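Below: a set of structures, written as structure tokens.
Two complexes come next, and they have one chain in common, chain A, joined by chain B in the first and chain C in the second.
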Partner chain A sequence: MNSLYLFLFPLALSGMAYLSGKKAALQQILALAGLLGSGALLYLANSRGLSDQQVNYPWITSLGIHFSLEINGLNFWFLALNALVCFIALFYHINQASKNLRPDVVVLIFGVQAILNGVFMAQDLMLFYFLFEASILPVYFISSRYGSPAAERATLKFFLYTLFGSLFMLLAILYLYAKSGANDFLFSSLFADNLPAETQGWLFLAFFLAFAIKMPLFPFHSWQADAYAESPVESTILMSGILLKMGIYGMLAIVLPHFPQGVTDYGHIFMGLSAFGVVYGALIAMVQYDFRRVLAFSSLSHVGLIGCGILAYSDVALEGVILQMFAHGVNIAGLFVVSELIASGAGTRDLDQMGGLSRQSFGLTVFFFIFLLGSIAVPLTNGFPGEFQLLMGLFGYNIYLGIFCGLTVIFSSVYMIRLFQKSMLGLETDGRAAFPKLNASQTFSLFLLAALVLGLGLYPQVISRISNSAVQVLLRAY
Partner chain B sequence: MLSITILSVSGLVLLFVGFLNKISLSRSLAVAGLGLALVALFYGNQNVLIPADMDTQLSFDGFALKFSALILVFAIFIVFLSGQFLRKEFVQSAEFLAVTTFSLVGALMLTSFTHMITLFVGLETLGISLYILAGTDKKSNASNEASLKYLLMGAFATGLILFGMAMIYGATGLLDFQAIAKSSKDSLDSGLFQIGVFFLLIGLLFKVSAAPFHFWSPDVYEGSPNVVMAFMAVVVKIASFAALFRVFGHYFSGFSFLWWDIVYYACLASLIAGNFLALIQKTVKRQLAFSSISQTGYLLFAILVMKGNMALDGLVFYLFVYGCSILVAFSVITDWFGTRSDITLDELKGASKKDDFGAFALTLAYLSMAGIPITGGFIGKLFLFSPAMEAGLVQLLIAGILSSVVGAAYYFRPIIHVWFSAGQPVIEKERNHQWIAFLGGAMLLVSGLFPDTISRLIAMM
Partner chain C sequence: MEKWIALIPAMPFIGFLINGLGVKKISKPVAGAVGVACSLAAFLLALLVLFQFKSEDGKPVSTELWNWISNPRFNIGFSFQLDQLTLVMLMVVTGVGFLIHIFSLGYMHEDEGFGKFFAFLNLFLFSMLILVLGGNLLMTFIGWEGVGLCSFLLIGFWNKNKAYNEAAKKAFVMNRIGDLGFLIGIFLLLYRFGSVEYSVLVENLSLVAAVNDPYLVWAGFCLFVGAMGKSAQLPLFTWLPDAMAGPTPVSALIHAATMVTSGIYLVIRMNALYSAIPFVQEIILWVGLATALLGALIGTSQNDIKKVLAYSTVSQLGFMFVALGVGAYTAALFHVITHAFFKALLFLGAGSVIHGLHEEQDIRNMGGLKKYLPITYGTFFVANLAIAGIPPFSGFFSKDEILAHTYAANKAAYIFLAIIAGITAFYMFRLFFLVFYGEYRGKLSSGKIHESPGSMFIPLIILAVLSTIGGLIGIPPVFHAPHLLADFLSPVLEPGSRLVTNFNLGHSLSHTDEWMVMGISVIISLLGIAVAWLMYISKKTVPSFEAPSGILHRLTEGKFFLDEIYDWVVVKPVNLIAGLFSVLVDLLMVNLIVEGIGMMSRGLSMGLRTSQGGRVSGYLFIMFFSILIFAVYFLVSGI
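Presenting the complex of A and B:
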């Protein structure tokens, strides 16, 4: 039953947030409750045995669609990350805008959390699709309503782009349903292995397109930088921290086990492309002057590496995928919060107009540096074990690909340190508004993230212990 | 049967009540007549006041009941929506309502005919009433133009249909659809019969405004008064689809080789023409008119697959959801702009600041038309796409989803204007139809989140 609670709990909080209106203190309690409640549900689910947590109700009977949810080793860390990232976004919003709190943002972020929990737990392909597509709506509304004037255009592009990809997935799902002869859409009944290789290839491409646009992998990334840069930071945190993880999850849970033929036939092409994206994203990040665009392209680079790891289909790489997925969520959420605090203090996001900020806020500098270390995968931070395993998996797949992707280790430190240097170090520039000190709530949320960066760097087994067996199951078809 | 009688009588009564010139009385009478007709649908299979041999020409089977119920339900709401329009000094409320009621007699016949004569009478009863309704805004040139255009184009289509019927009759010597479907192979193979089917199909595609026979609909929709456009987009669309489905999906399904390709290409053309042309429209009503053409494209999927109940119930579900979206959109638009007929999309800018509930309902309506999950539009598309996939129409489905993306691009424009664009809209304070928007919006969510509730209701009929 915990899976159902995990879906309904954020929905209930969303309703309560609507009723609480502009009372910041209440909203803050709700945000904390969301984190602690989801954490408790996950912890209990784990200690009682994940297999006992499933629910399965008929939903659309004429097509045999079920409301079927399950917590398993694969989605466990996605769910945990979802609770964390949504909390960060909420907490940021409530603190930052305490005088001018927007209840609709809080309501929608809780809505995102519920929908995404559903996406990760869904065991019915049509339910998965339904929630997958519904999840864009709340973020779209937050971005367009409260983003910069250019956000309207950027987020519509994001919306249409992802809609385009996911509609192909819808067709593929319907095709599988029509061909399988099963009367339901459950993951377990819609397997493609008895279909001809060519058909499997098409189905693979359809699903891959949907997920690759969502992640995004090179060359499907053109919506990303604009959407990240023009949205309010709350939805940037959501998009980069957790929304793109739907793509990773879909690749792991659907593409890998269901279309082995497609992965072996076409995987290497997309692997080459996303490996190119790894380096391309890193190189572009080096020359960007907008703080957020640097982070957007760094995200393209990191996620490209994750994409390569998935398509390499080895257990080392897949464990790296889970580790890196979680680490990326933590780091990028932290970095975007930091970037926004810096930008609001400095009054600009242009790196050229920043400088010497470390003298103004020591705490922020330390947090920034910790997330930076995590992001460039220094040993003893959370980025290291994942990236190490990913690269090891890639070396096992193809040594040249491994070397090529390995460049990211160098490049990421170049652009991240450039970011740090330009903003925090150097000479102070004039005519800047006073830089506010971190308040208690901001310190708390950043401390939480920083603790995860260091904690998971020291003890990554926490993650792999739960996900390990699930990863093995994914590779059964190979 | 009984419903048709009730409608005819209440139409006549309404004409006499017109002497009193009391709008509220006429409206209550009209609603009462429609409500009674709706109830009578489920009790009224006995013949009242109708010669016995007429019974074979109209059959209120499950198919007819589903569509008739849908038609009457939406018609009731549209009568509620008409209040503001009827209060205009030069509109004769009783006449308007009486003609609306008479048109429903035609609509109900279109759902239940078994005979070519009843099909024709139904088409004409509905059609002629609509020519009048389109021109009820007497002092508006656009409305007059719409009426004339509709008359000319409609008469042309009717001519085609009649021509086709004559040929089918010439080939088979029969007027009863059931009998035609079972007639001898010789007569079915004759060129006369094939041309007859062709003309009948073209005429009916004209009536449902499928591309490339859609040219009348944007002008007529735009020129007609708002409430008449809502009536056309919902009630008339349902009735015409019922007729098309009844002839081709049911009686003529045995010789699909004669018409299948034409419907296929009409479907494709409607999807493309409707969606792409809607992109460049500047007024709310014109955009909805082109959107209605694209919706026709999706609805034609159901006729292409002809898989009995699944496709039929899917079609009814889709029509229900589409009707709700149009109803919600028009109730909000009427609340905001009154009876003005030439509302541009730009005028919607910033409307959420004045009426966030209306903006929310309008958003649901457009999301549903775009087929985005959590609204019924998505489930409706699913119900139409799934049988189409099982019938192997992959290319058509790919065209369908690609044009859905184009569709989303223009359906989002009003949403963007209402919520995100800066602007001080000149919208009225009246909120007379909020309850319709609320009910319709709730239906869109219910059909999107718990579609079983609606589809069980449809399957029960």
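Presenting the complex of A and C:
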């Protein structure tokens, strides 16, 4: 039953947030409750055995669509990350806007959490599709209602782009439905038999496109930098921290186990492209002057590596995929929070207009540096075990590809250090920057993330112990 | 005993935490005391472990704290290993580290970032200890990246200065180029042997049946690339001279005595691998030789006191790699030890000079400091004799051992190396004479030049003693005294030497040859000193401030223009490509294709849109919630 609770719980909080209105203290309690409650549900689910947590209700009976959810080793860490990232976005919003709190943003972020929990847990392909589509809406509302006109345009682009990609997925789902002859959309029915090799190719392409746009992988990324840079930071945190993980999840849960022939036929093309994206994103990040755009392109680079790792059908790389998925969510959420605190203090996001900020806020500098270390995968941070195994898997798949992707080890240090030095070090610029000290709730949420950066770097087994077997099953088809 | 091992790195880490977290609140004396106490604790623990280890049977002790990275193919433990090689490194790192902590008390006393400095210094010590204590390659890699990070933090310690920040970034990025090589080496070994635990590797490598197995050649080469980055070998050495931007104790500890010797440690640690791949050893030999030559040549015409020492470090590290290249692992480690003593001493001496002259670093503005800074002068002289290879100072023994082994293995390399040794003596005494002899050429009034306080000169004296007698741990066989270091180290080198015997790759040296090599190296060193005497004492030459004439001089003064070459060959093209990608490809191509498709559909929907008016977001908002309501309705009715 925990899977159902995990879906309904954020919805309930969403309703309560609506009722709480502009009372920041109450909203803050709700945000904490969301994190702790989801964490508790996941913990209990794991200790009682994940296989006992599924629910399956007929939903739209006339169409054979089921409301079918389960928690398993594969989606476990996606769910955990979801709770964490939504909490960070919520806390940031409530804390930052305490005088001008917008209850609808809180309502919408809880909505995102519920919908994404649904996406990760769905065992009915139609339900998956429906929630996959719906997930973008709350973010779109936040951006369009509270962002600049540029933000609305950017998010609309994201929205239409992913809608376009998902259309092919819908067609593919309908085809699978017709083909299977079953009267429902459950994974277990649609993928009951191995699919014929000749149809796997285009099914792979259809699903892949939808997921690749969401992640995004090169060359489907043109919505990304604008959307990350222009949106209110709450949306950016959600998009980079957790929304893109839907793409990764889809690849793992649907594409990899069910279209092995498609992966074999076309995978290497997209591996090449996303490997190119790894270096491409890193290079572009080196010459950006907007703080957030640096992070956006760094994300393109990191996620490209994850994409490569998924398609390499390597047992080593897949372990890295899960670790890096979680690490990326933690680090990028932390970095975007930091970037916004810096931008609001410095009054600009232009790196050339910053400098010397480290002397203004010790706490912020330390947190920024810890996230930086995680992001460039220094050992004993969360980025390292994932990146190590990803690169090793890729290296085993193809030496040259592995070395090429390995360039990220060098380039990431270039752009992240540049980012840090230009903003935090050097001389102060004309005394414009005035940082308030980090308050208790800011410190708390950044501390939580930083503790994860270091803790998971020291003991990544926490993650792999739960996901290990589920991940290795994915390669059965090969 | 196992339980003590993990405590050694824990000590400086505690110091880092205290000083790091309390950087705003802790007063200078407390911060200094914490930093020094933690490094002392590590040193004492290391001593304790050394004696315990001696009283036990001398087998490596290892302990795994937990399973760090696990995978269907392999498990990598968070493990430590203690053997003779580690013990030697432990003594050097914690011993010299402790002395430099003390020196820093005085040197950094006026600095506003005093607490931060000690926090970073302790963090460095922690990383370095993990590096040498790590029980597998990946543990060593933790320390490896850790020391690189601390090096970054400490080079850019005075981070208001943009040039210093650039130097810090350069050091980190160049090290990361090497680190990629290191990682690939780990991948190769991990795929081949399923483990990178040192004990497992040694076991497997001792079974290697063929010389120059291509797979192992690549693995060894990649690990060496890592060593090139960390130990500043060609072509990845240009970061080290720039690293002199950091405070001088940092240059002494990180960029002379400890971190930069990690590459040598790594190769010795993997001696079983390298002994099986003479092809890579040959590469190491020539890379080391070229670096030694280049560093020495550049050292002859630098005028910044720290830059001279930096290039000398580059050159001396080259010597150590030459030793590794001819399979003389003991000699390499011996030189690591003596170099740690005399180079740390030189740097601290330089620090004392800089401190005494109120931040003056240009030797053209020095001269005649002998009478103002007597203790610094005396200790600097000892260090100079040691690095020039004058018996019986420590550098003589270690350098002579390298020269002797090189002579036995490769005559051509020996000739080069002997000449480089002469150049070394020349440029070091050039420095020495220009700083301490002649007339004072600077602008400070003589009353303002002062000798350093006790916290600074006591470490100088201790290091001077060590630089004098340190060579006694490795007396050459012709004197028929035990070579303590070689005897102590032999269990670690046993797998490699067994392979060498199996493959019949060994060299031997007769006693007459040994006497000859020793004699030649002393003569050449004296020659170098004599030339320096002639130029800078007799003729009283002072390097001019104008740009030099003459091709060789211009090349060495301009550091062979390697920075400029790298800039044109690597940095500028990469930036150009990045700029092209950013503007041309990303904005104009990838984006416009997508926008174009969007525009087409927008044109089609124009009619529809105008009939509706209103904001898109409003509709979507309504749509979303109506869908949600429907969804819940269906769900409820379904149940």
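The rule is simple: the second predicted complex is superposed on the first by the 471 of 478 C-alpha atoms of A that agree within 3 Å, B and C clash if a C-alpha of one lies under 4 Å from a C-alpha of the other, contacts with A are read in each partner's own complex, and residues count from 1 in each chain.
One rule holds in what follows: a residue touches a chain if its C-beta (ideal position, glycine included) is under 8 Å from a C-beta of that chain, and two chains touch if they have at least 3 such contacts.
This one's a predicted model, so the numbers in the text were calculated from it and none came from an experiment.
Student: Touching A:290 in the superposition: chain B (first), chain C (second), both, neither?
Tutor: In the superposition, A:290 contacts neither chain B nor chain C.
Student: Please indicate which partner A:265 is in contact with in the superposed arrangement: first for chain B, second for chain C, both, or neither.
Tutor: neither
Student: Looking at the overlay, what does A:174 touch: chain B (first), chain C (second), both, or neither?
Tutor: Once the two structures are laid over each other on A, A:174 reaches chain B alone.
Student: Considering only the touch criterion stated at the top, classify A:385 as touching first (chain B), second (chain C), both, or neither.
Tutor: A:385 sits against chain C, while chain B stays out of touch.
Student: Who does A:137 touch here: chain B (first), chain C (second), both, or neither?
Tutor: Both chain B and chain C are touched by A:137.
Student: Looking at chain A, which partner touches more of its residues: chain C or chain B?
Tutor: For chain A, the partner with the higher number of touched residues is C.
Student: Common interface residues of chain A with chain B and chain C?
Tutor: 58-61, 130, 134, 137, 141, 144-145, 152, 156, 160
Student: Note which residues of chain C are touching chain A in the complex, please.
Tutor: 23-24, 66-73, 78, 138, 141-142, 145-146, 149, 152, 156, 159-160, 162, 165, 169, 172-173, 176-177, 179-180, 183-184, 187, 190-191, 574-575, 577-579, 581-582, 585-586, 590-591, 593-595, 598, 615-617, 620-621, 623-624, 627-628, 631, 634-635, 638-639
Student: Considering only the defined contacts, which chain B positions touch chain A in the complex?
Tutor: Residues 310, 313, 367, 372-374, 378-379, 382-383, 385-386, 389-390, 392, 394, 397-398, 401-402, 404-405, 408-409, 412, 416, 419-421, 451-452, 455, 459.
Student: Would you tell me which residues of chain A are touching chain C in their complex?
Tutor: 57-61, 67, 130, 134, 137-138, 140-141, 144-145, 152, 156-157, 160-161, 219, 221-223, 225, 280, 283-284, 286-288, 315-316, 319, 356, 358, 362, 373, 378-380, 385, 388-389, 391-392, 395-396, 402-403, 406-407, 409-410, 413-414, 417-418, 421, 425-427, 458-461, 464, 468, 472
Student: Please output the residues of chain A touching chain B within their complex, sorted ascending.
Tutor: 58-63, 126, 130-131, 133-134, 137, 141, 144-145, 152, 156, 159-160, 163-164, 167-168, 170-171, 174-175, 177-178
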